[in-house]
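Labels for the chains are A, B, C, D, E and F, by order of writing; each one numbers its residues from 1.
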């Protein structure tokens, strides 16, 4: 199953939208950098029900509190997610 | 008479450098006595949130923001709709020494300036 | 009328630099003058002496340089943005103890005050995004 | 009156959206670079009724045919637009 | 056995260099006999339109696209919804020597690959 | 497991390069190995020897270089992308008749084939956007 990684703010660009349009059941979603704003935003984008992660450091840097449905992870857990999934798809710019 | 200048800040902090370099340019203008008006709109309103970027080894952009009043920038204009769209409670926005001015009609505000710097 | 152009785009990476060049030529052709071209953010890479685009792509550096020569253009690169991105003059390279310099002829490094001043005195200011 | 200049594709980023949210009556809109895709797209964004321009070269480069409501201009006409309007606001990235 | 590779192209041509550098990377992979599958989605579908970039002093990206069949890339996958959203008539999409394959479910397509290169 | 990292972001311009560095460290700390870090598009600027960020900003170049030394990391910069953007080794500068070179120690220039090969043989490939 795919690990999708998004780094763009939900309204700033199309990365999250494009990602969700290519999301299959069982895939995982990781929000990094400016994408962490999607982790507690009003629901412009309907995020999947589970397997949604966000880099804790990136959220903390921006003063973003994660919604309950989003799991905060550190870099070590990110590496583990990469080991557990294939392929890894980055959505950026 | 010198032109009136508006600085338009529409990018989120940290993801790319435009937010930081925008704030640096604003302070440089003010230091030259070309005090710009400042408007945060779109993702730029995220710059007004409290931040803790030491988590990603970055300097806080809030410090640049907080320096504005010392440089004579006493009003921070914020697009009300942009903040609401992003779930940001506008009554929670604060900046010591400056007044946060919420704008409902940014178009009417922008057209009164001679020059606009976009960041 | 006097125009100031602010360029945010790196050449051969985003289109803004090439668009700014087209606009600069049209401005001069219409009989206006260009007070300053200020290169900021990734736009500082326009002043790199080392860019070597493929032969069949346009030589943006050469175009800026000949425009500069023909019209005594003020091509100012923001010094703070340039340092971060590794664009240095000889004197900056010496001062910062870096092994080489790469600022192209025709461009000069200066502070953000040059942007503020240009915004204050030009008739029009136009930005080219990155 | 303001001249707004947008250089981003209508779905790729927020530039056009942000611009239209700051559009006042009588303002002019110029579409350049990837923004020319907005000049004949299905109406995701409601463009203003008049004073909409697009750089002819940028549209031609991309194989975009402009809608009737959009005026194709060259660089010389762009300079004239800048002379006729103030301020000039660029919306990018 | 070597990994299966998908190249995902989601940026419009010319505005920035990702479209061009993506196509160059795809051809380089193919030249190394690591023939990737290619999927155009989002703004990437604009790469499939006819182009005349001499107007802006650029080389046509269509040429890189047209070289794909010669490098053994015989199927060009296109996200059907992305094209429709942008008003692109999918039956008009053509590339000599290659078959245009419209995908309704890109997510199911993507997950079958080992590696994905994003451009 | 063997990871390949592809970096598209220029340092001090977009966050991707700094994020890639954090990921690289975590990968190595977890006992995995890094087959290659491939710098492409604007990511090539990570290999600039001339970057001089302000003292209170992180020194990304120095961090990549010490990681390279400690783990014999393969830091490959795409040569075509680098030429367009003015990032040259000594031999490239000579060949292209450019006045100086600016490729940092620890980085090497190579063709896109190195990306293809890394994608084919690594267990995981992950890209860091610009």
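As a working rule, contacts are C-beta pairs under 8 Å (C-beta built on N, C-alpha and C of every residue); 3 or more make two chains touch, one makes a residue touch a chain.
Just so it is clear, the structure is predicted and the values come from calculations on it, not from any experiment.
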* To do: Name the chain whose C-alpha centroid is farthest from the C-alpha centroid of chain A.
  => C
* Asked: Pick from B-D, A-E or A-B: which interface has over half of its contact pairs in common with D-E?
  -> A-B
* Taking each chain's C-alpha mean as its centre, the one farthest from chain F -> D
* Could you please state the distance in Å, as a whole number, between where the Cα atoms of chain B are centred and where those of chain D are centred? => 25
* Structure fact -> In whole angstrom, the CA-centroid distance of chain A from chain D equals 32
* To do: Could you grab the centroid distance between chain A and chain B? Build each centroid from C-alpha atoms only and quote it in angstrom.
  => 27
* Of all residues in chain C, the ones touching two or more other chains -> 8, 12-13, 15, 22, 41, 57, 80, 84, 124-125, 127, 129
* **Two or more partner chains touched - positions in chain B** => 11, 14-18, 42-43, 56, 58, 115-116, 118
* Would you give the residues of chain D that are in contact with at least 2 other chains, written as numbers and ranges? => 7-8, 11-12, 14, 33-34, 57, 86-88, 90-93
* Asked: Which of the chains touch, listed as pairs?
  -> A-B, A-D, A-E, A-F, B-C, B-D, B-F, C-D, C-E, C-F, D-E, E-F
* **Contact footprint of chain F on chain B as seen in their complex** => 14-17, 56-59
* Would you tell me which residues of chain D are touching chain B in their complex? => 1-2, 14, 18, 21-24, 27, 86-93
* Would you tell me which residues of chain C are touching chain B in their complex? => 6, 8, 40-41, 80-81, 84, 111-113, 115-117, 119-122, 124-125, 127, 129
* To do: State the interface residues of chain E toward chain A in the complex, per the touch definition above.
  => 6, 8, 10-11, 16, 18, 41-43, 79, 81-82, 105-108, 110-111, 113-116, 118
* Which chain D residues qualify as touching chain A in the complex? -> 11-14
